[in-house]
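The letters A, B and C name the chains in turn, as written, and every chain counts its residues from 1.
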Amino acid sequence: MIEIALALIQGVLAAGVRAGTPILYAMLGEIVSERAGVVNLGTDGAMLMGACFGFITMAHTQDPFLSLLAAALAGAGISLIHAFMVVTLRANQIASGLALTFLSLGITSFIGRPYVKRAIDGIAQWSVPVLSKIPFLGPILFRHDILVYGAYLCALLIWFFLFYTRGGLVLRAVGENSSVAFAMGIRVRRVQYLAVAFGGICAGLAGAYLSLAYTRTWVEGMTNGRGIIAVALVIFSAWHPFWGAIGAILFGTTFAFQLQLQARGMTLSPYFLDMLPYLFTLFALLMGAKMRRHEMPEGIKKVFEEVG
Amino acid sequence: MKNWSLAVTARMILAGAVLGALLPAIPCRADAQVKENFKVGFIYVGPKDDFGYNYEHDQGRIYLEKNLAGIEVITAENIPETAEVERVMEQMIQKGAKLIFATSYGYLDSAINVGRRHPDIVLVHAGGFKFSPNVGTYWRYIYNPMYLSGLAAGKVTKTNILGFVAAHPIPQTLQNINALTYGARSVNPKVTMRVIYTGEWCNPAKAAEAANTLAELGADVLSQHQDCPRPVVETAAKRGIYTVGYHSGDLQRFNEKGWITGADWKWGTLYVQITKDVMEGHKEKWVNRHDRGGLETGQIDIAPFGSAAPKETQTAVLKKKKEIIDGKYVVFQGPMQDNKGVVRIKEGEKPSFEFIETMNWYTEGVVGDVPK
Amino acid sequence: MAGAAFFLLGLFLLFFGHNPLRAFMEILQGSLGSSYGRSEVLVRAIPLMLCAAATAIPARVGLLNVGGEGQLHFGALAATWGALTFSALPGHLLIPLLVVLGILGGALAGLVPALLRTGFGANETITTLLLNYVITLIVEYMVRGPWKDPTAFNWPYTPEFTGAARLSFYGTTRVHAGLWFALIGLLLFYFVLERTRIGYEIRVMRDNPEAARRAGIPIVRYILLTMCVGGAFAGLAGMAEVSAIQGRLRPGISAGFGYTGFLVSWLALHHPAGIVLMALLFGVISVGGDMIQISLNLPYATVNILMALIFFIVLGSGFLRKPSLESL
């Protein structure tokens, strides 16, 4: 009995790490963007752009590095439109982000159409030599595609950047109080553009993971709302990469949970259990909104809470 | 501000209405050419490049265009199974289509409705259970090649665990699962089958995750009933395990090393037959009835064998295939029990149309219950 | 402005080797060039108008409701329950019941994110988006489980509604009474907004939040009210779709009406009259979009690009920017 339970937990956690990776990438980008004061609901769109263009590049070149680059650039490119709308034109951030997602959906459906049938090699899996043999934890953390490791590495790097470098300090200053930052001589607009572009790069990579490593296919609309989930979980994460990683893994486990149960012969309605990831995200959002409000960068407080 | 938006939109709609009313008057060069051609419409629920269900119908369409003269085909893909498809059918009829292939299950009611409004048009529907004076259904029992694939899979598997990534617990899926399992167990009684339902016809991330889950549980042969089967095949390739294809033998290229065989549609000849008959005024062969058939029609088949299927297995499978075609063996003939021990077909009984089309149980060897 | 969007789309199409003029002509011809097409534009416009109102009403107090999709489905769920449970009732009793259920269902679906907003401070854009997924999954579950048609061989839909539960069509078209729901609803919206005290207070909330606070305008109450009423409109759209068009509940009753309605509302600047016109315009684009797929082999997604471009251009042109000192 204990063995079965342990095996289930192990399976679920490993799947959680795997499934949470695209969310984590997107979250990290969004954390940076929001820390600079820009909310980007177009993250989902940027993920689609990354998935699509990454796949197209892979189909033509079979070169993983180029494909990831293409994905990152595509995500950044589309996010720059958002940056322009929001930073320069001062348009409504939420509306612009949503418009971006619609636009990306349309563009990628159109451009990606001839590529639905293409085959690609995909990105390799790599088990970390010694660490993957650790009992129980090994397979959970260390037997994945290299992009998975990349995500957690990114989380570390971004944590370091945000809290231990001058650049991170500048970024956070812009997000907390842009007028003061401006008065101090910081080029607020440039910082925000860069932050949004970085968010786009991360979202692009998230999408690339989906199409190049996880499924190795391209189908229109394949992100299924993961971008929105990422933005919601950013609130839960208190804009901190560590909690971001936890949130991503938790999300991944809710996603994989019902599949794991089914495979072991426990039959529950798949549709019911499919709600779990979204309900989890809602719950996390509520917890985050209530408990983390004091951590919210001032600059985005009004984006989320403006009424009237 | 508000007035601007109103004014512009009002002007645009006016312009559009005027143009729209005038347009039919403008003679279109293209129309003149194709007035003699017999127009046929195809409607797909998903993309035609998915290497799955829609892909194979489209391959049938390509075959039709190549092998029958005097026709012109119009297609529409990604049409959801809602009342939207009625509009697409009407638009095709407006463009002159006289025969429409409604290839997805959920199109049935719309086909019948549209058929009622246009009694001179013929609509044929894939897999439905209702017909009307100008609507007929067609289907081939693809669980037969799945059974044959099971024979091969049972021989090839080393862990004796098979995995199936299904979408919804509908009879066609259960037929496939049961046929595959039964076939495998008939050559290897130790085989068990595990099933995961993704709840969607095409959600690549979920399908891939399901495939991963099954593989982690020890399944070394994966099969599926998804509209887009690629993610499952790709995952099998990634993990170095075997694949039994479904919908299309063209999936082989996504897992060359692990490809055993699979079930393949070959709609082409059927589509040529139907179109020809309707063109020549013999539509009664295809409307107001259900057209069914198995391996003997040649419109379903096992996919080409891959490197994973050893020579003796291939011969055994081909032998059994001949038996089925000759009528000496029927898949789902008695005796058969479900996985709870209830007898579903008695010794000597042959399955009826009803029995097959309402299947809602698992055969022995499948782990779990059919979700409600 | 919309012209610029068309122009951009034209460039986009040209880049990929398609003839944009033919595409536009096909869109117009497919939608307005025949009486069937014109009636279908109306059929399309009905749910768009209702879902646009679902966005417009909360937008009037600054809330961004993207949950039209979910609220529509919840209204459809409620109406379906009514149609299946009370199938013995005659039409003149059953239809009004279904209308009420649709309204209540949608209102409930709008209330939840509103409560989450007032209680937890959770941003309604995100919660409504998430709830969209949850509610459509509830529909999937119900049509495959408890409400499944026993004669449908395990395929996912409810039994067909009785004739009494169906909103009838006008003539040979598929235009149905939902049209009146939409038009009357929008008229009421206009009336309340412009001619009543509630509308006045709502407008003050938008234009001058400080003054509103000082004047004691009950902001929380209006958040809840507008989300409920908005949701109710979308729920009505759901009821109309299952009662008139579909005749049963199944997955996929909505072709993204919630999201398109959101766009329609923004482009109409959340004004009821604009909503009617924009919904018609989008109806033309949608119906025409099917046509270009058939004739020109362009993917339907092409019209998504058009719609999104229009949205971007309107957004960027500043008509929707709020001038304020704090927004930096």
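Quick notes on this one:
By definition in this document, a residue touches a chain if its C-beta (ideal position, glycine included) is under 8 Å from a C-beta of that chain, and two chains touch if they have at least 3 such contacts.
Quick caveat, the model's predicted, so the values are computed rather than measured.
The touch graph of these protein chains is complete, with an edge between every pair of chains. By C-beta contact pairs, the most connected chain pair is A-C. The distance from the centre of chain A to the centre of chain C, with each centre set as the mean of the Cα atoms, comes to 29 Å. Separating the CA-averaged centres of chain B and chain C is a span of 33 Å. Centroids of chain A and chain B (each the mean of its C-alpha atoms) stand 35 Å apart. Shared interface positions of chain A, defined as residues touching 2 or more other chains, are 113, 220, 269, 271, 274. Counting partner chains per residue, chain B has residues 78, 199, 372 touching two or more of them.
Counting partner chains per residue, chain C shows two or more touched chains at residues 140, 144-145, 299-300. On chain A, the positions that touch chain B within their shared complex are 11, 14-15, 18-19, 113-114, 116-117, 119, 122, 125, 210, 214-217, 219-220, 222, 224, 255-256, 259-260, 262-271, 274. Within the complex, the chain C residues that touch chain B are 1-2, 25, 28-34, 36-37, 40, 140, 144-145, 153-156, 172, 174, 245-247, 250, 252-253, 255, 267-269, 271, 273-274, 277-278, 280-281, 284, 287, 290-291, 293-295, 297, 299-300, 319. Residues 16, 61-64, 66, 116, 120-123, 125-127, 129-131, 133-134, 137-138, 140-141, 144-145, 205-206, 209, 212, 219, 223, 259, 262-263, 266, 298-309, 311-312, 315-316, 318, 320-322, 326-328 of chain C touch chain A in their complex.
Those residues of chain B that touch chain A in the shared complex are 47, 49-51, 55, 78, 163, 194-199, 202-210, 212-214, 216-217, 228, 230-231, 234-235, 238, 253-254, 367-372.
Chain A meets chain C in the complex at residues 41, 81, 84-85, 89-92, 94-96, 98-100, 102-103, 105-107, 109-111, 113, 178-179, 182, 188, 220, 225, 228-229, 231-232, 235, 269, 271-272, 274-275, 278-279, 281-282, 285-286, 289-290, 293, 299, 302, 304-308.
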